[in-house]
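Per-chain residue numbering starts at 1, and chain names A, B, C and D are given in the order in which the chains are listed.
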Amino acid sequence: MKVKKLWEKNYKLRKEVEEFTIGDDYILDQKLIKYDCLASIAHVKMLGKIGILKNWEVKKIVNELSKIIKLDEKGEFIISKEHEDCHTAIENYLTEKLGNLGKKIHVGRSRNDQILTALRLYYKDELENCKVLIQEFILSIKNFVKKYGKIKIPGYTHSRKAMPSSIKLWGSSFIESMEDNLKEINLAIDLINQSPLGTGAGYGIPIIKIDRIYTKKLLNFKKIQNNPIYVQNSRGKFESNILHVLTQIMLDINKIATDLITFSISELGYFSLPKNICTGSSMMPQKVNPDVLELLRAKYHVLISYEFQVKSLIGNLLSGYNRDVQLTKKPIMDGIEITKESLKIATLIMKNLKVNEENCKKGLSQEIYATEKVYKLVLKEGIPFRDAYKIVSEDMKM
Amino acid sequence: MKVKKLWEKNYKLRKEVEEFTIGDDYILDQKLIKYDCLASIAHVKMLGKIGILKNWEVKKIVNELSKIIKLDEKGEFIISKEHEDCHTAIENYLTEKLGNLGKKIHVGRSRNDQILTALRLYYKDELENCKVLIQEFILSIKNFVKKYGKIKIPGYTHSRKAMPSSIKLWGSSFIESMEDNLKEINLAIDLINQSPLGTGAGYGIPIIKIDRIYTKKLLNFKKIQNNPIYVQNSRGKFESNILHVLTQIMLDINKIATDLITFSISELGYFSLPKNICTGSSMMPQKVNPDVLELLRAKYHVLISYEFQVKSLIGNLLSGYNRDVQLTKKPIMDGIEITKESLKIATLIMKNLKVNEENCKKGLSQEIYATEKVYKLVLKEGIPFRDAYKIVSEDMKM
Amino acid sequence: MKVKKLWEKNYKLRKEVEEFTIGDDYILDQKLIKYDCLASIAHVKMLGKIGILKNWEVKKIVNELSKIIKLDEKGEFIISKEHEDCHTAIENYLTEKLGNLGKKIHVGRSRNDQILTALRLYYKDELENCKVLIQEFILSIKNFVKKYGKIKIPGYTHSRKAMPSSIKLWGSSFIESMEDNLKEINLAIDLINQSPLGTGAGYGIPIIKIDRIYTKKLLNFKKIQNNPIYVQNSRGKFESNILHVLTQIMLDINKIATDLITFSISELGYFSLPKNICTGSSMMPQKVNPDVLELLRAKYHVLISYEFQVKSLIGNLLSGYNRDVQLTKKPIMDGIEITKESLKIATLIMKNLKVNEENCKKGLSQEIYATEKVYKLVLKEGIPFRDAYKIVSEDMKM
Amino acid sequence: MKVKKLWEKNYKLRKEVEEFTIGDDYILDQKLIKYDCLASIAHVKMLGKIGILKNWEVKKIVNELSKIIKLDEKGEFIISKEHEDCHTAIENYLTEKLGNLGKKIHVGRSRNDQILTALRLYYKDELENCKVLIQEFILSIKNFVKKYGKIKIPGYTHSRKAMPSSIKLWGSSFIESMEDNLKEINLAIDLINQSPLGTGAGYGIPIIKIDRIYTKKLLNFKKIQNNPIYVQNSRGKFESNILHVLTQIMLDINKIATDLITFSISELGYFSLPKNICTGSSMMPQKVNPDVLELLRAKYHVLISYEFQVKSLIGNLLSGYNRDVQLTKKPIMDGIEITKESLKIATLIMKNLKVNEENCKKGLSQEIYATEKVYKLVLKEGIPFRDAYKIVSEDMKM
């Protein structure tokens, strides 16, 4: 069947321009099919409620949309490049199945509020997924700490041995940090938990009285995002916030990876990873390389660049929809995938990480106890801190 | 008096290295004097409580620290370059006034937890200041909307006229957005509202039993940040979060500035600014330029670069303190100042902004009502949306 | 056939880790097959020259590598996920065809210098392609200027009318800017025009005497990159430089798009684009939107985020190869594609852009001549510039 | 004396707006006084040449401008906040000294081309300074290599021991990299070596015939930047390019710092720094910390954020001058200062760096020779590389 764009008129768009403007959208939107159908079901039910559609019409359309969701679950609803995006693909499917009735679904909304609704439903799901993965990561650290926690290791400042630390202290630091990340995720969810549906292209729906509260309820949004201009202006802004939260998660992973890369070099050897998590060199047979850790480390930087991509491109734009924001889709979707994948791999690493007690003991050389000595002088001999510090300092020939 | 660094030993640091490592710290720390004194007072009281200092010692030190706060309020406590930072300046003052007693203050803490405590007290104050400024900005928009809200203006998408909008719709969009920003600020405050004091250099305080709950209470922190390694690792991480929130605020200001720059060009003329807010050209006598708006617009990008600076520099660093993080001080302090200043200027603009009703009317040309026409066909004639869309489209010779 | 990795040993990498470390490499490397074969041909010939391989061995291997190039041209040499990258895919093919002989190709090199060689050959080709596209873009502007150049338009500063300008002045500004970009591309080519082949994993090839000058000649590099550590350290560094140059090109495109979006709004209407380059709205039938321009504008920001991704992730890394740098492949490859595509689209736009002389004339309102009036007073009446400025200023009731 | 702005008219700018728009300009411009005077001298001479000014007028003005340069050299020409920028400060001085004659200097130019001229003269000088500092840095490495070059050290890949390397190999890698940086600086100088003087506010100078070639010669620019719109549009673009080059320099310094921080930890100890280059801890008396290296490492990230700041803020702006670009002044000036300072400190470090031969020897453990063993098998026993690799691999029980 010939594909028709939702905005098509009596002229053909040039092929090069069409391809350029579509970009990766048709691929990215594959992840949004389910959410766009759910939003459309809510919209159609609302059109029924306010009398725009008849009951049997609503039923028919909802029925077809439910079929699409099932096809999608089986990987059988594929958006082609000609479809441009999930909205056109879905509406074309409906029109094919239902004729004129399929065309009625777009009354009372614009692609501008439609895409935002689908995206937010998708974000909510994915952020919940991230929370589960963080919980699993925390659990893997807890188990690691349960097993090895009592082992003492040197604590470092300035990349140099500083004071005695322990596996427990080290591991728990990441648990606490991840728990703070959960707070940030919760706020991110709270911010996007506002229904944009019913705000049209950014200036409301004229003539007909949309029931926004009804669709909000059906879609399980916490509240309505009231102002239609703000609905549009928050695109990119909310994405920035989500990406920021993801960078905070990735920062913790970056640090755990950095620690493990250094603490597992043969010269220190506090930690080791089983070989089946490491890779080798094509030239040097002895090498057992922590590629997986290096990539985890690097992906933090990928994420921050995604955040700044979104933040940079939404600047200096007039209020209301601008096509520029279409390009926020890829960084946020890729950012979510990278974060989920990284959390899984980090969890796998914590489950397989070993502590080499012998090397840890060796690492606890005497200079690491200098501060304790100072405090003993302070506490037992009543020497002022600054003087005790000097005595120990000179004593160690530092 | 000869200045002594807190870590000074039996050798002199090279002058070039000293200057390089100090950098701007002695200037930036000027803002932290008050907070470092407050933290020191809490610390000293705690040392009294656990018996490290005698009551009269506590009194004497607290007395001198209170004097510093007063000197600072009058702008009379100046950190010199030789002092390196506020901590050394304060401790040198104490030693000068109290002799050996002054040296005792540093027992049970490190500059690492000390600076974090001062910074967080400073952040809390400044974020509260931002909240007040946001409230004032919101109020200025509310008053503006009260005055001009009913005036209709064209709503734009893709920088082109789209549908009818109004001053009220436009202004309110920023109010709603700023209200969401307040939520983000509150979380940022919540995250930093954890006392780092008593965690030393990142691995706790050996030998003596510090009472962290007591200092937490005295300093009005919501809770203790438990893990000393996380305390250090969260430096830069919390700053990132604050800077992210500031960029969200600045994004709204960027958008309001972008709107006003465009909507006030002579060809549109919906808005105008009084001349005493605009600047002129050195060559073209007719020019009345919106420099103030252009700078507001540009400062958003300055803020995102600050966030990126912090996020980039804290990557790939080992757990525990690294001197690199000292460089997070300048972007966060400058970022806070820029945001506060921008909020003030944006408020001033809203208070002085005028709407030119005549031009707004002229702007409401007929194509802006095309969507309404479609909906009338849909509603009154029962034509499917997609067909009605085509009819109007052809009717307008689009 | 069972795929073997170049570094595979007597253990199996965990599937999750394998997938994580491979990432998109097998897809990205599809573009490198040709270049890796060319580099391998040069390498094999050199091994023949220095007596490691016999003549008939060289011939056989070169023959198979040439076949791969031909298969690739027809799109028939596909790297599967199991192959991990182009190097393994190619070596597996050779081993399959040639048995033990296929295994000999990897003597005297590492994947570390191998991938760099392929990448640089690819960069050189693509940067030359960019130069051609820039020339075509310049030509399209020249033709546009030839057609419309004499038409006067208002020149803007601070987004406000300033002084008289012309289509010629406007168009030529982009020509000059693009000519400067060509200089930057030439330097970027010059910098990467150094052969990395023969430096192994970053510390040279032990025992056997590689003839680096011979492979350099065969591959048409300008010189040898001498230091093997620098060879590795320049990965990411050279990519940064290329991406920087691409952002300079995209900045010009961003500006031309920004100008056209504004100068073609109905209120100004200096320019117009044919409909078959614009897109419509799914809700508002009257809309003819410059999506293509908005996306061109936005892609500049995508490019700068790619540059910063590379620059951020290569920081704080030890000398020598680190797996982190694998992640530089995607941003540079995507960056090149986006730039080429944008240049093509920008050229298409210049070829189709129209100037509406009537609207331009209307735009030349009298305030635009204020500066001329000042200069007439200065020149003809000998009034000092600052005084003339004041006179005209007051005259215009500014 | 009452200060007058170059663009001042019959109304007063609000104080808050004035302060906001001036920002740091009056401080930053202190570095531009000399260059603005030199540019003004050329401009005035040209006005004499074309008959706008009489010979005695030229002499008088040039005389006063030369005095300003001398005052500035002694640090006695201070721009006050009321002056706003160097241009107003200088013109006010002239008017004070010369009365009406002082007012004539601004004929035939705008602040827009004036500031660009001063900036480019300043950039040229500073980039030449950078080149000298790079040469000195290279020399310091050469001397270091001369002294210690023969000492063997382990070469690392993936932060793990890989193959034998040497001090010479390591040191020389930075020399080669810095030599490539010089090429990039030269291009950056070449790009800005275009005279913008005489292009006015971006649309040329009306009525009078400016002799741009004459001022170009007097100011020693390589050529004229022809198109006045491009002159304005290149602001920010050229700055981006300079900042990019500076980040390339800082990347090398980041890497040398990263290497030294790791290679000098007590567990490896290949390098050591004299104590008078290191700093201590306020709590741990044993610590000798490489703060100076950590700050060098961190400053790379500061620089890339400056580049990003400029690139982000110049996006989405209309052709012609926009006030936004004023904010490019601070990042470029600070970026230049940081780079110069970092080069000096890096040179100081290389001059004082010591190699601990004993530790280097200890570091050369046997696994580092695995690749050599493979190659011996290949060369002497004719075993295919992949098989030899396996033999050695199994032999080492890897």
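Simple rule for what comes next: a residue touches a chain if its C-beta (ideal position, glycine included) is under 8 Å from a C-beta of that chain, and two chains touch if they have at least 3 such contacts.
This one's a predicted model, so the numbers in the text were calculated from it and none came from an experiment.
Chemist: Hop distance check: chain B to chain D, minimum number of steps through touching chains?
Modeler: Graph distance in the chain contact network comes out at 1.
Chemist: Relative to chain D, which chain's C-alpha centre is the most remote?
Modeler: That would be chain A.
Chemist: When the centre of a chain is set as the mean of its C-alpha atoms, what distance in Å lies between chain A and chain C?
Modeler: Spacing between the chain centres: roughly 28 Å.
Chemist: Just curious, how far off is chain D from chain A if you go by their C-alpha centres, in Å?
Modeler: 36
Chemist: Indicate the whole-number Å distance between the mean C-alpha point of chain A and the mean C-alpha point of chain B.
Modeler: Using C-alpha averages as centres, the distance is 25 Å.
Chemist: Check each residue of chain B and list the ones that touch at least two other chains.
Modeler: Residues 6, 9, 106, 112, 157-159, 162-163, 200-201, 262, 280-281, 283-285, 287, 289, 291, 294, 297, 301, 304, 308, 312-313, 315-317, 322-323, 371, 390, 393, 398 of chain B each touch two or more of the other chains.
Chemist: So in the complex, the part of chain D that touches chain B is made up of which residues?
Modeler: Listed in rising order, the residues are 5-9, 11-14, 16-17, 20-21, 23, 87, 106, 109-112, 200-201, 275-285, 287, 289-292, 294-295, 297-299, 301-302, 304-306, 308-309, 312-313, 322-327, 331, 341, 344-345, 348.
Chemist: Could you list, by residue number, the parts of chain B that touch chain C in their complex?
Modeler: It is residues 157-163, 261-262, 265-268, 280-281, 283-291, 294, 308, 312-313, 315-317, 363, 365, 367-368, 370-371, 374, 389-390, 392-393, 396, 398 of chain B that touch chain C.
Chemist: Which of the residues in chain C come into contact with chain D in the complex?
Modeler: Chain C residues touching chain D: 6, 9-10, 52, 100, 103-107, 112, 155-159, 162-165, 169-170, 172-177, 180, 183-184, 187, 190-191, 200-208, 225-230, 232-234, 237, 240-241, 244, 247-248, 251, 254-255, 258-259, 262, 297, 300-301, 304, 307-308, 311-312, 314-323, 371-372, 375-376, 378-379, 384-387, 390, 393-394, 398.
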